[in-house]
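After this come two complexes, each holding chain A, first together with chain B and then together with chain C.
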Partner chain A sequence: MPIHEVSLIKPENIIEHEELIIDGVDVSGHWSTFIEPRAVTDYNEEMEKEISGLAGGEFIHRCWQCGSCTNACTINAMNSDFNPRYWIYLIRMGMEDELLIDKDIIWQCVSCNKCTSACPRDVNPEGVMKATAHWLELKGHTPKPNSMIFDEGFSEQVFKTGKIEDGLVLRDFLSKSGQSLNQPWLISMVFGLVKKLPLTMLTRLGLATFFRPKTRDWGNARAAIEEYVAEKEVEKHQLLGLDGHQQKDMENG
Partner chain B sequence: MSSSKDETVAYYPGCALEGTAQSYDRSTKAIGKALGLKMKEIDNWNCCGAMEVKNIDPKLQTYLSARNLSIAEDMGFKKVMAPCNGCYHNLKKAEFDLANDPKSVEVNARLSKKAGHKTYEPGKVETIHALDWIKDSVGEQGIKDKVKGGLKGLKIANYYGCMYTRPRHIFPEKDQGENSESIDKPHYMDDLLDAAGAESVEYPLKTSCCGGAHTLSDSDTSTKLVLNLLQAAEACGADVIATECPTCHTGLEMHQIRAEKVFGKKTNVKILYFTQLLGIAMGLSPRKVGVHENFGDALPLLKDKGLV
Partner chain C sequence: MSKPVLVVGSGPAGLSAAHALASAGQEVVLVEKEDRLGGAPILSGYAKLVPSGEWAKDAIGGMVKRVEDNPLITTHLNSVVDTFDGEAGAFVAKLKDGTSIDAGATILATGFTHFDSVNKPEWGFGTYEDVVTTTQVEQMISSGQGVRCPSDGRKPDRVAILLCVGSRDRQIGREWCSKICCTVSANLAMEIREELPDTNVYIYYMDIRTFGLYEGQYYWASQEEYKVKYIKARIAEVTSDGKRLIVKGEDTLVKRPIMIPFDMVVHAIGMDPNVDNMTLSAVFGVDLEKYGFLAKASSYASMSGTSREGVFVAGAATGPETIDDSIAQGQSAALSALALSRGAKVEAAE
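On to the complex of A and B.
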């Protein structure tokens, strides 16, 4: 799969004269095409530091832009705008405005780890995608994407009880992401299963929603995890300067 | 890596095998019994972190996985067998991180201490997949010896998914010579099912992604990825896609239905766990290996082929 790179050149910066003669030579049309130079001055010099401080982004500085990640990428094969190599470049350059053009698709990384396997520099591009999606959400550039709502609901259950029950994860996610349980394909799937199952098994499935699986004596592990998560949360906010913003907002009323 | 037939392995089913993938749990236990292999479930295990906890914090996932490894060690086991690709991957990842990343070691030690159990140290137990378990202990010959009717006439596309081979550095035992598993072109499932009499087709998408991580949160992407896998399997002439991961398996089944209902694209290839197929080859009844617990209905095909 060849890389179909996004164009860095905006159409309005491409200048072409329909009729142009220079020193008696006709250079009309595309013979006279030139690209208007642009000067970028609004670099976000903190962006790389902030993203590399979030989980998964630690090794972004190793990237030498070979493009193996984009070339291997599952999502890039479906949508050529999904371009990890290019985003890593933008982050390292501090070109925030350019990155924000793609802000609504970065969360779509499916963690297939083809990039991480292909990367010759151990950048862990999969982790960089997750760190970038978190950064965008924490900075208020995007709403919390569905995948993050799912991750959080799932993890919350694991932290609380040590295990998950997939029926509960599903219902919890659909309600938090504002989706209906009443979708024809979902109903058809469940109905197809129910038709084949004997009554005893259906009863057992039903009971699982009341007697949720959990790990015994999980209390101390839960407390340890929750303490760690809270600590990390504070660190993250300090790193991104978010507490400062909140304080300022409060001061401004 | 070699396993003797007599060694009892620690069994780590994971959450999916207690929930949507009960048929994988049932069929794994059934074929283990039929092959004379021994396993014992890890006491009071917890979720390995699946594909979600790492997105909150990868070191928490390492801790969650390591807790299970430490219990297996305490129980006196040398090997932990996980049939779920996600669990298998996470236990392997924990093993790798604890051997190579000081920060993971630090967080694991801190959390283990507070939680009140032993801190797991790398190298104490080895994590293997259900495929390794069967391939290394009884192998193709062991399957051939036990096969009753076999899977004659059944064409299978073997689908390994992402987490069985990627990222490559957490699987140091793969790509180590002739009998080891291959990272780029895995073949253990092909080998075992061929030994059971099936015909494994050349399936170029065996390690492609089904979009399982976003199966609900980005359904359209998952449906497109799955549809691609299903159509490719049919183009390769397969009647069945054999799976070895509950996330892939459920994703394939769900999005096969969704592709038909939402995109109007119908496919007929059936989806079965490789353990279900091995069980049927050894003469176990479809019910024994949980064929009725799958979302799709593979029974008519199996009857059609004269396999049950």
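On to the complex of A and C.
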């Protein structure tokens, strides 16, 4: 539903006491109904700083709220609650409570980048959606999405060996995201490969599964990448004001 | 030698007209009611001008010096025209001190008056010390003092600039857009962020009218380079919680009331008709338009005409105007006055 059609009264703001007597007068039930004020009483200036510090969010301050992104949006066409223009505003003004109402749909961005082409100010709304989803996750508002689990496993392997082995990427992803290997699509894909691929290629695939090849002389590159990634992680945690405890949880989780 | 041209007012328009006339060898009598030349940019202590970024005292100061040094220009300070008689080509003006001036033509470059924010009491000016006007912020910057809260001299953590104070408001009889306040406010917001990088600046607007090339230089730059935030809301009132100012209004993009604490609130004040316009209209026999600015004749025959032949007008006397356009209009009026004082007739453009 577009913003201007959303009811201004949120259910959680309606306060009603089943039993209430004030000065001897029984005001139980709807006689005691009142609605908490909706006024915004402060701007949280940190929020824009945090999200603009994450990859993709760098140009959020350029937004002038024209709504081109929302109009162009693939997901908005299916779910009008998905409103990048509105979220960008909430982030800029630091209206965290309001943003959190939509925390479970922000990750749905499919990165089609139609907004990126439509945006007259080069805000890169698609990047902002990514940064926001990442921020929500880092702050513990949303669980780590499968796409992030996949990306992490993928990068981990590249960092370690300089190469990727598709089978391992897949197995790693399925196990970390709590999914069974027994997936019909996976089984039919493997059978398809066995049937159609030439023998030499199959042999190579098979060998790679057991003897994981590494890029030659990868050690130095690996050390440099790991150092850089660690540095970036520390920066990110400082930027978001995450304490050591949360950081540990994140690394484990 | 033709009779001198009388120029009334020595702001950007008057200075430009006087200089243009003198450059063409025309004698000029310049009458200024204040004790110095320069008009609003000098008298009100503006900081850096739009769009050159030059300090007002240097840019307008240069125009002043050029006029002061010109032997063809006679200047009367602390002076007003008391009576004005005759007709095009043969006017006689009498100054307050009795001086009589024969003039072939006259240019009124009498400017505007800043809106007095006391007329919008709900926005706290005159009630709270830390509610100031754009002119005051200009002075804080141009004096070198820096942007500080007047109440205790602290650096403000958060500044709100309210646009359209004294403009576009039927409640106070000011329906016009003052044209320059959006740009000036964006410029000041950048100046504040430049001086105080930790200070967040918010601009509350109804529309942003940084017209033409000002769009990129001021509106976009203030957002993109200086991270100034723009909120579409016309503020309802400015109050205080005893410590900070509270700005109340409705954020129209989230449809929620806002009550946000600020350290300093700046009124982007508009341009009123010069408070002397009724007198000027009576003395010079020229019409005012419906809001009280000097009425212009059709632009197509001659840019600078008024309702009286031989009396021309330039700059913000006819309505809100930029400094650059005032200067252009000063030159335009100078050409009309020059032609007339040398006996040429303006042909109708029909």
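Everything below uses one rule, namely that the second predicted complex is superposed on the first by the 178 of 253 C-alpha atoms of A that agree within 3 Å, B and C clash if a C-alpha of one lies under 4 Å from a C-alpha of the other, contacts with A are read in each partner's own complex, and residues count from 1 in each chain.
One rule holds for everything that comes next: contacts are C-beta pairs under 8 Å (C-beta built on N, C-alpha and C of every residue); 3 or more make two chains touch, one makes a residue touch a chain.
Computed from a predicted model, the values in this text were never measured in an experiment.
Undergrad: Pick one for A:G140: touches chain B only (first), chain C only (second), both, or neither.
TA: Neither chain B nor chain C is touched by A:G140.
Undergrad: Applying the touch criterion given at the start, work out whether A:P37 contacts chain B, chain C, both or neither, answering first, second, both or neither.
TA: It touches chain C, and chain B stays clear.
Undergrad: Chain B or chain C: which reaches more residues on chain A?
TA: Comparing chain B with chain C, the partner touching more chain A residues is B.
Undergrad: Name the contact category of A:E45: first (chain B only), second (chain C only), both, or neither.
TA: In the superposed model, A:E45 contacts chain C only, not chain B.
Undergrad: Quick check for you: in the superposed arrangement, does A:I75 touch first (chain B), second (chain C), both or neither?
TA: It touches chain B, and chain C stays clear.
Undergrad: Is A:L90 in contact with chain B, with chain C, with both, or with neither (first, second, both, neither)?
TA: second
Undergrad: Between chain B (first) and chain C (second), which does A:V110 come into contact with in this model arrangement: first, second, both, or neither?
TA: first
Undergrad: Please name which positions on chain A make contact with chain C in the complex.
TA: By the definition above, chain A touches chain C via 3-4, 8, 37-43, 45, 61-62, 64-65, 86, 89-90, 92-93, 95, 98, 121.
Undergrad: With touch defined as at the start, can you tell me which chain A residues reach chain B in the complex?
TA: Chain A reaches chain B through residues 55-56, 74-75, 78, 108, 110-114, 116-117, 127, 130, 145-152, 154-155, 158, 162-167, 170, 173-174, 177, 184-185, 188-189, 192-193, 196-198, 201, 208, 213, 215-218, 220-221, 223-225, 227-229, 232.
Undergrad: Taking the touch rule as given, give the residues of chain B at its contact with chain A in the complex, in rising order.
TA: Against chain A, chain B makes touches at 15-16, 18-20, 44-47, 49-60, 63-64, 67, 107, 110-111, 114-116, 162-163, 165-168, 183, 208-209, 211-214, 216-218, 221, 224-225, 253-254, 257-258, 260-262, 292-297.
Undergrad: Where on chain C does chain A make contact in their complex?
TA: Residue list for chain C touching chain A: 158, 200, 202, 220, 223-224, 227, 229-232, 251, 253-261.
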